[in-house]
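After this come two complexes, each holding subunit A, first together with subunit B and then together with subunit C.
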Partner chain A sequence: MSGRPAAFATVFRREVVTVARTPAYALLVVGLLVAVGGLVAVGGGGATGFVPAVVDLLLATEVLVPLAAVVLGYRALRSDRASGELAVIRTFGVGAVTYVTGVLAARLLALIVVVGLPYVLVGGYIWVTASPDTGIYATHTGVDSPLLFVRFLTFAVLLGAAYLAVAAGLSALAGSRRSAVALGGLVLAGGVLGGDLAVLRSLSTGTPAAALPDLLALSPNGAFRGLVFDHVIGVAFEGDGPTVNAGRALLALFGWTVAGAVIAVVALGPGRFVTVAFERMRRRVGA
Partner chain B sequence: MKPTVLRARARRLLPAAAILLALVVAVVVAGAFLVDPADSAPDPVAYEDTIELGMSSETDELMRGETAVPRAQVFFSSFQYVVGYNGIAPLVDAFDDDRSEVAFGYPIAVHVETFDGAEPGVTDDGLFAAEGTPAWTPAEEAVYVVGSEAGTPAGETAVPFAEEEAAEAFTAEHGGEVVPWLTLREREFDVDTAATVRSMAPDRWEEADDRVADARERADRPVSVVVGEDVDTIGEAVEEAPANTTVVVPEGTYEETIEINRSVTVAGENTTIQGDDEGSVITVRAPDVALSGLSVAGVGNQTRDEEAVQEPPDDGDEGEAAWDTNVQLGYGHGDAGVRALSVPGLVVEDVHIETDASGVILREGSDATLIDLSVQGPDHWQDGFMGVVAMESRATVDGGEFDGGRDGVYAHRADGSVIRNATFEGTRYGVHLMYSGDALIADNVVRNAEYGGITVMTRPEGNAIVGNDVRDSPAGIQASGTRTYLGYNTLVNNRLGFSTSSRGSLYEHNVVVGNEQGARATTVIPSSVVTANDFLDNDRHAGAGAGPLRIWADGEVGNYWEGADAPLHSADRGYEATSPVDAAFHREPAASTIAESPAARLLDQLRGTNPGARTGGVYDPTPAVEPFDPDRVAAVSEDPEGPAHADWRDRIGANAEPIDAGNASIEPDGGVIG
Partner chain C sequence: MERTASTDDPLIEADGITRSYGGVAVLRDASVGFTPGLTVVIGPNGSGKSTLLGTLVGQVPPVSGEVRRHGPAVDGRIGYLPQDVPFRDAFTARETLAFYARLIGVEGAVDEGGDGAVDDALAGVGLADAGDRRVDALSGGMRRLLGIAVATLGDPPVVVLDEPTSGLDPGMRERAFAAAGERAGTGTAVVVSTHDLELAEAYADHVVALHRGRVADAGPIERLLANHGVDDLAGLYRSVVGADPAGEGSSAAAGDDAEAKPTGGEDDAAVHVPGVSDR
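Take a look at the complex of A and B:
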């Protein structure tokens, strides 16, 4: 193994180790587990099946998963640069693209674990315990199925991936830790509220309602919500049609993820030339 | 092996394990999207294990085994119990009804009983019958004979067959045509609903008026014998009097027991007939006998035939049927002030009976009209029996007072009975129906019942319980059955106001005030409409037994729940009567503070979207902001003793006013799930 794949693997492994050595992320898992488990316990939906549990979890997931993703991403690409390690890494011939994809892939894996673990635990609990209220009649599960929960979790991870990449991308632009936090907050607020606010605003300024399925698909949260409506909760109903343009929604979630990565590459790529030029200038001056 | 070797091996295995894990995750995720959860078609279950909707399976004809009703069972996408339909017409009707979709989702499997090898036929009465046992067949694979001469007690039916030939053979003999499932679903069946029962309630009241008028006319006969002048005893008088004449019994106390074998009127005035404390005092063995102006005392204290009650008859009946026979034999055979045996047309007016057993026993088709009857039973209900026992006899009870004893009026297989304007005090139950359908229980007053005001047991059809006022009792109204109309009742200071035990029923315009629990959802299957009721000042407005989340609203019309309109409480969402937070609104202002918390709001979202898959509770998506019956609500608070009756006959009669949403702020297209 040599060249780019090797470099990617090295960056990936190094980042995985970094994440694994950050105890705060373990706390994040515990926090999510408490929140998700608490909602299922208090909401009561999980007592009878996965679909009602998803109903109870949907809104919280729209906030919690982006939050976890931003926490994982807001300094992913900044800390190496700030500490100067990035410069060292580059001396081994690691390009910006390789470095960014390596880091993001590792962080994505972390996201899958951080988000997946609590949801899988809660899902497993529901699987084991969910049962009808009374056993005096014949019962069946209807369309309720753990597969629907897997779908839900998949959409949640896709949602998180979009936030992770964008947060990481913006973190590459951040000049200081403080500004990285601020940018992370901006991503969170802008994503969770901004997208839907923009849709609401455009509706009130005359955009026809028929445009909604496409418009909603643009923001990560709208895309996620629509996908969950159509492919998880709505499976139990003979619906009136799709609540979001599913293709666009998936494309948008992937698109935001790629966009975040591109921002990072651009921020770090030209940034390298700037640094090199700065070093040359310094040498010439003899400082 | 040294630890370093182990570590090295583990390091080599790690990537392989990671790849394997990734593969598993990928397969599960891909599978989750490729598999359609709706594709699983469950096999039919034993019909007894389904939750039954449709016509009652306890009609006389069905219980006698004379007729069969083709049945169906449906697995819904979003309802955990298997729903049984007694009759194909109710099944087709349910597919038409948006409400089933909201409550249960869509059907993922439908099985119908097919009668290919079951020797299907039609009785002389035009009822469908089958000697053999039908088989279960997926509905879309079966064919259906429609428009044949075969019917059910509820009307027209389709008869399903698995094979076309069998269906053709049936039509050759009994007419009709063979259609596939999709064509059947397009067909309109006349299915009676609880709304039909509502519309018929005023008619039943008028019919009772007619019965009373007819009874008075029957009783109005020329005088032939006067006791004390022509003969010495009432017994002699009724022996002597020709049919269709009146025996006049002047004021006084007559110590005798009487048997009436001719259609005469016995008219007293402040007349007391004192029995010998053994057996019944007046036994009627002729049709159209009338008794008026009498006081009856000295009734024996045998409340029923104990042997018959305890010993199951040895006629092969099992379970419920045997018990039913027991009750009929036992309950109809005690002592009474007045007994009528297999004789229709009895008229009792202005008669007072003091008894430690029953007041009036009607047996075997002794349809009777009882006007202003008063029965005084013992203080402890265990010491006495029923005010009126109507056993296979249609009773029309108009007015009257029932004080103490077991049940004021006990009607058993007494279809079409009317009990109205009567007062019950301190009885076990006020009115108690068993296997009795199409009855009207209206404008009665019950106080201090030992068990409950009005109770309907077993699964009769089409009862209307309207305008009654029940207070200070363990339960107001508990009616099981199907297609019951329970409206315009006033239920105050009871432990439980009413239960929604009857399926496919309509519960509306009840004023439920100051009870420990206002109403209770008891059926596992949500198939009834609960709307436009007013709940005030109850410890808990509503409770729920086992079963899914029940939606209590009819379209945009919910119920009035005191507290649901609490200030600082968002009006945009529903009222979950069984949630501890919502239930506290009318007693604890701080409940709003927690209700508006992000945590509570998070859980409120989409709550009513899949009620069938959710457990427990009562949810009203459109609670009203003001009572639907403010006059009665005000009357209750002004006069806690009552009674407060509604002008229900005007409101649900021919010129019925449309139901008022009681909430001006609700837009008609509020997108409400009801």
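Take a look at the complex of A and C:
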């Protein structure tokens, strides 16, 4: 392996090791496990089956997974730039695309572990302790199944990936650690609340209710919630029709992820020349 | 190591480089070439040393002018040690070097037996026994030596070291300059910014003196000393800058040129000074 793939693999490996050696991320796993396990225990859904447990977890997941993703991403791309190591890495022929994709891929793997581990443990607990029919691999309406929980977890990871990429992308723009934290908070608040508020405002200003499935799909949380309603909870219950346009929802989650990566690449690549362009304009104006 | 360029030809040159921040020029129309050997860049804090070095490695894009590479430097990478050594604390010195070695596909970089290119590089800067120490457990001097090892990994034709002796004790300063001088002896153009004039004089082949963002003088050290009628680099510094180097701050007090604001009062006419390569 040589060239870009080798550089990608090298950056990826370094980032994975960095995450593995950061004790705070282990605490994040424990915190999530306590929160998710506690919710299932208190809600009681876990004793009944996977779908009731998903119902118990849905709202919390919409906050906890974005929170974990922002924690993993808010300074992922800032630390090397702030320390000056990115300048050294560049002299080894590593371009912005290779660097950003390497870091983001590693952080995504970390997200899968950080989010996946608590949910898998809770899922395993439900499988062992809930009523007998949870062992059925259901593909038809009305039957609970571990596959539905896996589907829910997959959607949760897609939601997290969108937040991770956007938080990391904005971290590449942050001038200081404080502004990185502020931007991370903005991503979290804007994503968790902003999308729904925008949909509500849109409906109150005359947008027909029939457009709701398309509108909901645009925000990461709306897309996630709709997918869970339609393809996890909706499998067990008879619904009135799709909550979101599934294709559009998946595309939106993917699109947010790509947008975050693009922001990062631009910030760490051509974005460096923005200040030079301003200085040139200043010279022309001053001349 | 084989170099195709003659020692009189610059491997890299700055041509009319100007860089400003917020409209304040930190570097003005700087033209200078760097030939194989060790070139020290001297000047007061805020004179544009870090900015000049940053433009050479592509870290600081110039507002005007360009950096040209020649001979083996056209396709080769440029080794770089920034003023603040930036490596991740949680990695050992060996892991840090191995990361960079893998990036350029250095053969034997990850030899677990301990005799690969990484260990050679560590030994080359006197850190053979510190390979398993985490970066945050290295002293400031050892970090800089690790930085020099990273910068020189893969035998780049041009190596740029921004104040490698800043904040070091005399022994470590000597080691840092010795490592840079050894590399310069192999046909590499090593560019070092420093306030350590004594060691600079002992190791340098060429000198670039910056003052208020301009190249005040540049050339082989013997020629500059003769031209200015002085005996040593401190005398040259006084002659060019018009101040005592001791009064400008020691290496430990080196500032960040990129953020420094040059004082005014200079004329705007382009200053053409023959560079190190007599450009």
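Operating definition for what follows: the second predicted complex is superposed on the first by the 259 of 287 C-alpha atoms of A that agree within 3 Å, B and C clash if a C-alpha of one lies under 4 Å from a C-alpha of the other, contacts with A are read in each partner's own complex, and residues count from 1 in each chain.
Just so it is clear, a contact is a pair of C-beta atoms (placed from the backbone, for glycine too) under 8 Å apart; a residue touches a chain by one contact, two chains touch by 3 or more.
A quick note: this is a predicted structure, and the numbers were derived from the prediction, not measured.
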Partner chain in contact with A:Arg283 - subunit B first, subunit C second, else both or neither: second
Which of subunit B and subunit C A:Arg14 touches, first, second, both or neither: second
Partner contacting more residues of subunit A (subunit B vs subunit C): B
Contacts of A:Val192 with subunit B and subunit C, given as first, second, both or neither: neither
Which superposed partner A:Thr48 touches (first subunit B, second subunit C, both, neither): first
Subunit B versus subunit C as contact partner of A:Leu58, first or second or both or neither: first
First, second, both or neither for A:Ala217, with subunit B first and subunit C second: neither
Which superposed partner A:Val94 touches (first subunit B, second subunit C, both, neither): second
Which of subunit B and subunit C A:Thr22 touches, first, second, both or neither: second
Which of subunit B and subunit C A:Ala167 touches, first, second, both or neither: neither
Subunit A partner contacts - residues on subunit B that touch it in the complex: 28-29, 31-33, 35, 37-38, 42, 45-46, 49-51, 75-82, 101, 105-106, 108, 524, 546-548, 599, 602-603, 605-607, 609-610, 612-616
Subunit A-touching residues of subunit C, taken from the complex the two chains share: 19-21, 23, 54, 57-59, 61-64, 77-84, 86-88, 90-91, 95, 99-100, 102-105, 150-151
Subunit A - residues contacting subunit B, complex: 39, 42-45, 47-49, 51-52, 55-56, 58-60, 132-134, 136-145, 147-148, 150-151, 154, 231, 233, 235-238
Parts of subunit A lying in touch with subunit C, wherever the complex brings them together: 2, 6-7, 10, 14, 17-18, 21-22, 80, 83-85, 87-94, 272-273, 275-276, 279-280, 282-283, 286
